[in-house]
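Look at the two complexes coming up: subunit A is in both, with subunit B in one and subunit C in the other.
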Partner chain A sequence: MIARLLAGAALAALAVGSAQAQQGKISGDVVKIGVLNDRSGLYADLGGEGSAVAVRMAVEEVGGKILGKPIEVVSADHQNKPDIGSNLSREWIDRDGVDVIVDVPNSGVALAVQEVTREKKTIFLMQGPATSRLTGDACSPTGFHWAYDTRALAVGTGQAIVKEGGKSWFFLTADYAFGHQLETDTAAQVKKAGGTVVGAVRAPLNTADFSSFLLQAQSSGAQVIGLANAGGDTITSIKQASEFGLTQSGQQKLAGLLIFLSDVHALGLQVAQDLVLTTGFYWDMDDEKRAWSEKYKAKTGKMPTMVQAGSYSSVKHYLKAIEAAGTDDGPTVAAKMKEMPVNDMFAKNGKILPNGRMVHDMYLARVKKPSESKGPWDYYEIIRTIPGDEAFATMAESGCKLPG
Partner chain B sequence: MATEIQAVRRDTAAPARPAMPGLLALAVLLLVLVAAPYVLYPVFVMKVLCFALFACAFNLLIGFAGLLSFGHAAFFGGAAYITAHTVKVWGLPPELGILLGTAFSATLGLAFGALAIRRQGIYFAMITLALSQMVFFMALQLKFTGGEDGIQAVPRGHLFGLIDLSQPMAMYYTVLAVFLFGFVVIWRTVHSPFGQVLKAIRENEPRAISLGYRTDHYKLMAFVLSAALAGLAGGTKAIVFQLATLTDVQWQMSGAVVLMTLLGGIGTLFGPVVGAALVVTLENYLAASNLPVPVVIGVIFVACVLLFRRGIVGEIAARLGGKRP
Partner chain C sequence: MSTIFGIPPQALFGQLLLGLINGSFYALLSLGLAVIFGMLNVINFAHGALYMLGAFVAWLLLTMAGIGYWWALLLAPLVVGAFGVVLEKTLLSRLYKLDHLYGLLLTFGLALIVEGAFRHFYGVSGQPYPIPDLLRGGQNLGFMFLPNYRGWVVVASLVVCLATWYAIERTKLGAYLRAATENPVLVQAFGINVPLMITATYGFGVALAGLAGVLAAPIYQVSPLMGSNLIIVVFAVVVIGGMGSILGAVLTGYGLGLLEGLTKVFYPEASNIVVFVIMAVVLLIKPAGLFGRER
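Showing the complex of A and B:
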């Protein structure tokens, strides 16, 4: 009787074993990469089709095949609506067999997709969203946050500018949770580095006229005016600051806390000159980055933002991890990705924390004056490299509850 | 806008009783909806149902009482926030959460309505828009709504402590039940004496007053009913998608529901359902194409206003001999 039971148990174990061995292949005989982002709205320029192009470039580099199976790239427009993002990603995973979701700008949508991918144990490579909650209280075992986050922006812009001599700060803050958080985080970094905050003014979301706020900032006498806002508000405030001659006077510096290369391109150097910002990637830094970016530009006519370059890098790393793990099973690949260092044109010796944060160097950049720029897309002067360990929160600081 | 509504109104003098074609259409709709999750992706159909109920609630106001509200996002999104918060933070069961969301919207509707019905036409629309923008800014600023992150990871929980809503089919039939409940309420309202008075007010308010009706009371009741049903839809959506975000309270949502109702057919019972299905389908299936979704929807809207003002269902009904379902 006991022998028979044992035999049964052994058989069951064998069955489980073979089931696992079957999982150790590529699900659906194809690796499907879904690029989900804003393709028609305000984030279309910083991610959009460009992110899909970057992902396809990563796929082409491995020959369009992995472990003998084809790789397919699909893309969709979440229109900045969390319900559409959540619905599309569910449908992709359940019906179309999508194995990994890439990009997803807009923190609200990203948090929604994070919940879906957590439930479905699908890999999620975030580039566009800013909030550090994605590797904090909302972290997921299969979620990876790649290009940047709010904490890195606060550290980069806050600490680094103080070290460069910008001691006194005044904040122009968008009056809602995101702006408040960015202001608080940055102010903490400024004080930590020995600077002072002389004041702050709160402007409502989507303000059309910043003149009274800018005048307050100007009369505060602060060396640095921190723009704790995003999107249209950032663009408007930079334009109007330029009209007020805030930066041209040489007395005050504008520090943008969330600005992409595409924003600078849209503003033009005349308006954006001398703006200081933090970025995770700039095309004109070394030969490898230049070569890749030129290739990208040949396809899209634009230089890549950090979101687009990050999409390439993360997919490249993901494919390497599949190769090493011999499967596209979500949790297995996620574990493998965290084991391997990230080494490509985007990051050198990048490492991934247990909460999914990819730690890599960030850069403090100053936007060139029109007279300094040698040609199109020659926009940034890199003034400081911020080591990854300084820029990003450690596992303990992040507040993520995953075992690490 | 006002003249269009006038034009549509004249076409939509409603019959008093649900006619045979109406019942037939209802039966077909029911059959389609019961079978839908086996053919289409359930979450997608649930989304269609939530928006369909929302559009029906809106249509009750514009189609049958002639009041164009531009602030229905406040009821839809407000209820979503209340439901999401009560279920996630207070740990209430989903049915109670949805109920509280609905009650919140009804209360909000009472406050909005009491103010707004004092004015007519464009002023009415502007007052509702302004009030709903206040709700939007509160949603943006208040702590519990989570700003632009919204409330995420809302548990679906167990309906009546028994049915596990994390199962897609259980969730689907729950949403279907909620939708049918809302739809029947609207059906009954429209075909009741109360509904007749509403239509009388829509056609000629001074005449209704001269007949002795206190039209403000009727209009306010219609407004509250519409707000409550919009809230029911919003609360249900929060449970389906397990989130509540700013998208639902933004003024664009108020615009979207006008669009759905216009496309489907103002003043028809099935029009909003068709309109909602069309818009949600476009949003979902065009997402993967290279066409910019807002542009396509905009073009369809323009075509609708220029070519078939009665909307899809309204036009079909008119072609079938002037009778509408």
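Showing the complex of A and C:
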């Protein structure tokens, strides 16, 4: 009897002890989430404060606490400069005890931050950046690439357009890491589908006037002009292509390789109609997405882009992994995240490869004509679901050297 | 087909024409800056923000009141000019006795405030502004397709630049202005209201920026960032042309537009820095600028 009592007491003590140990494993007694993105420049509308709002929504859903410790969200502007981005993330991790960095659009900045988070063993949840190198030669054990990447865009939009008969391509490329990778990945898909690439022109980031480049694209005689750029640059080039009558003649077709919902909203359907694009998320697809997006819209006045919805999804998954692992230690949580399937309003049965690529279905969409749209934000018609395994590279294809 | 440096001559004509169109914006903006600097000795860093304001006034007129492009062309510069007059009367006029630097800092701060406010309310992707019906479509020039609207921009900017140059260099009012620039005290002694003239000049200079903003609205997105994207280049134009030289500002504006256009063909990666390279070279050889005089 006494022995049983003692054993019971010992067990109870053990249970209490381990619970304490679990609680003690949240570093600094707070889980700090840092949203780092462009908050003032040409990419501010596709991520920006909207990503921070989406992250806060994920935090609110778990009651603002995890394992009994509070969750805090901070945000900063990297101004699209890799040096500012890597300095800020160093400061955040070393001085402020930030546990996870979210979003970081602009592949150039993301590649720099990936180096910092790899060194510090900090979780990095990428939404905004596009380059597939982030899960390829530049992959990291604690880096996760969530919403989309250049390879998925190339598979989606590139192949679809070649199939429709757009065989010869000319690229108008943003002259930095992202544009180059998108051009490379798309060119590969175009050639695979039996098309050819006749040329390319590299325009500096944040160009005000694209007419000169568009004219070069026009005189190349290519059937398809692939826009390997993003945000404000895409908006300007599409608008000016329409002004110069590039597409009206019917001989040439414009392919926006990376188009966000915010871009279409800014362009207006009159100009953007019939563009074919690939996206990882569209608000008006099922009840769950609609409900979440309406909630988001009530806070921001806008419908979310795939970057903003992805920020929510990845943070939600990250918090679940902390709960399951009982700690916020970077490598441990990263391993846990890769074990668990991703199931939320953003993705169904998403899986995470060892290189950090979150594999989920992508969608090929066509921008509606003004006559087809019921009002603001009713912009896309989903014409095809691209299965995740087709859209994203496998671990072997990615070129990532991590074990797995 | 024969080529010039590997480029078919027809493509080259197209690119030169495009350069001229961009040069029109440089010319209009640098003209306003030059007029303001000549008269007030103020380096008006708010110029880009006021250009953006012009475009936004046009957009607001259209979306809020249904007032179209042609009225906006008249009203937006008036609104921006009036805003400029208020700025000059309440803020800038207190700084004339101080170093240039204070005017620069004040206008730079104003630019940040105006841009920040618009960014807060309208985001960065910008608002679409339609091309007016009368100027839709374009002409096939054989070597390129010229949208009618772009043609109109070149004509409008040329007319405004020439008219301004004429008013300042060839009329009596312009003579007063130039005299007041040289020696304000003496001109005031002749019974001319110099402070009023200064205010009017600032108002006119920024109204030109507002006009450029309306002209730009259908080509670019009406975006809070449109001014800051352009203003640094325009400053380089003014420095190359010579601070305060009106003819210099206009000619350099068109010239650099052409040069930038050519860079976009031969070495596109450098197209956003070519203007600054030229600025550095000009400053080394002729510090007062191509058309400026040493003071």
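Basically, the second predicted complex is superposed on the first by the 307 of 404 C-alpha atoms of A that agree within 3 Å, B and C clash if a C-alpha of one lies under 4 Å from a C-alpha of the other, contacts with A are read in each partner's own complex, and residues count from 1 in each chain.
The criterion applied here is as follows: a residue touches a chain if its C-beta (ideal position, glycine included) is under 8 Å from a C-beta of that chain, and two chains touch if they have at least 3 such contacts.
Everything quoted here is computed from the prediction, not taken from an experiment.
Applying the stated contact rule after C-alpha superposition, one finds that A:A152 touches neither subunit B nor subunit C. Shared-chain residue A:Y176: touches subunit B; no touch with subunit C. Contact with neither subunit B nor subunit C is seen for A:A58 once the two complexes are overlaid on the shared chain.
In the superposition on chain A, A:D77 contacts subunit B only, with no contact to subunit C.
In the superposed pair of complexes, A:V359 makes contact with neither subunit B nor subunit C. By the touch criterion stated above, A:G245 is placed in contact with subunit C alone, subunit B being left untouched.
When the shared chain is aligned, subunit C comes close enough to touch A:L42, but subunit B does not. Residue overlap on subunit A between its contacts with subunit B in one complex and with subunit C in the other: 40-41, 175.
Those residues of subunit B that touch subunit A in the complex are listed here as 41, 43-44, 47, 140-141, 146-150, 152-153, 237, 241-243, 245-247, 283-284, 286-288, 292-295. Subunit A makes touch with subunit C in their complex at residues 40-42, 44-45, 48, 175, 201-204, 206-209, 211-213, 215-216, 218-219, 231-232, 235-236, 239-240, 243-245, 262-263, 265-268, 270-271.
Interface residues of subunit C facing subunit A in the complex, by the touch rule stated above, are 8, 11, 14-15, 18-19, 21-22, 119, 123-128, 130-131, 138, 144-145, 147, 149-150, 219-221, 223, 225-226, 229-230, 261, 264-265, 268-269, 271-272. Subunit A makes touch with subunit B in their complex at residues 39-41, 74-84, 86-88, 90-91, 94-95, 107-108, 111-112, 114-115, 131, 133, 138, 175-178, 205.
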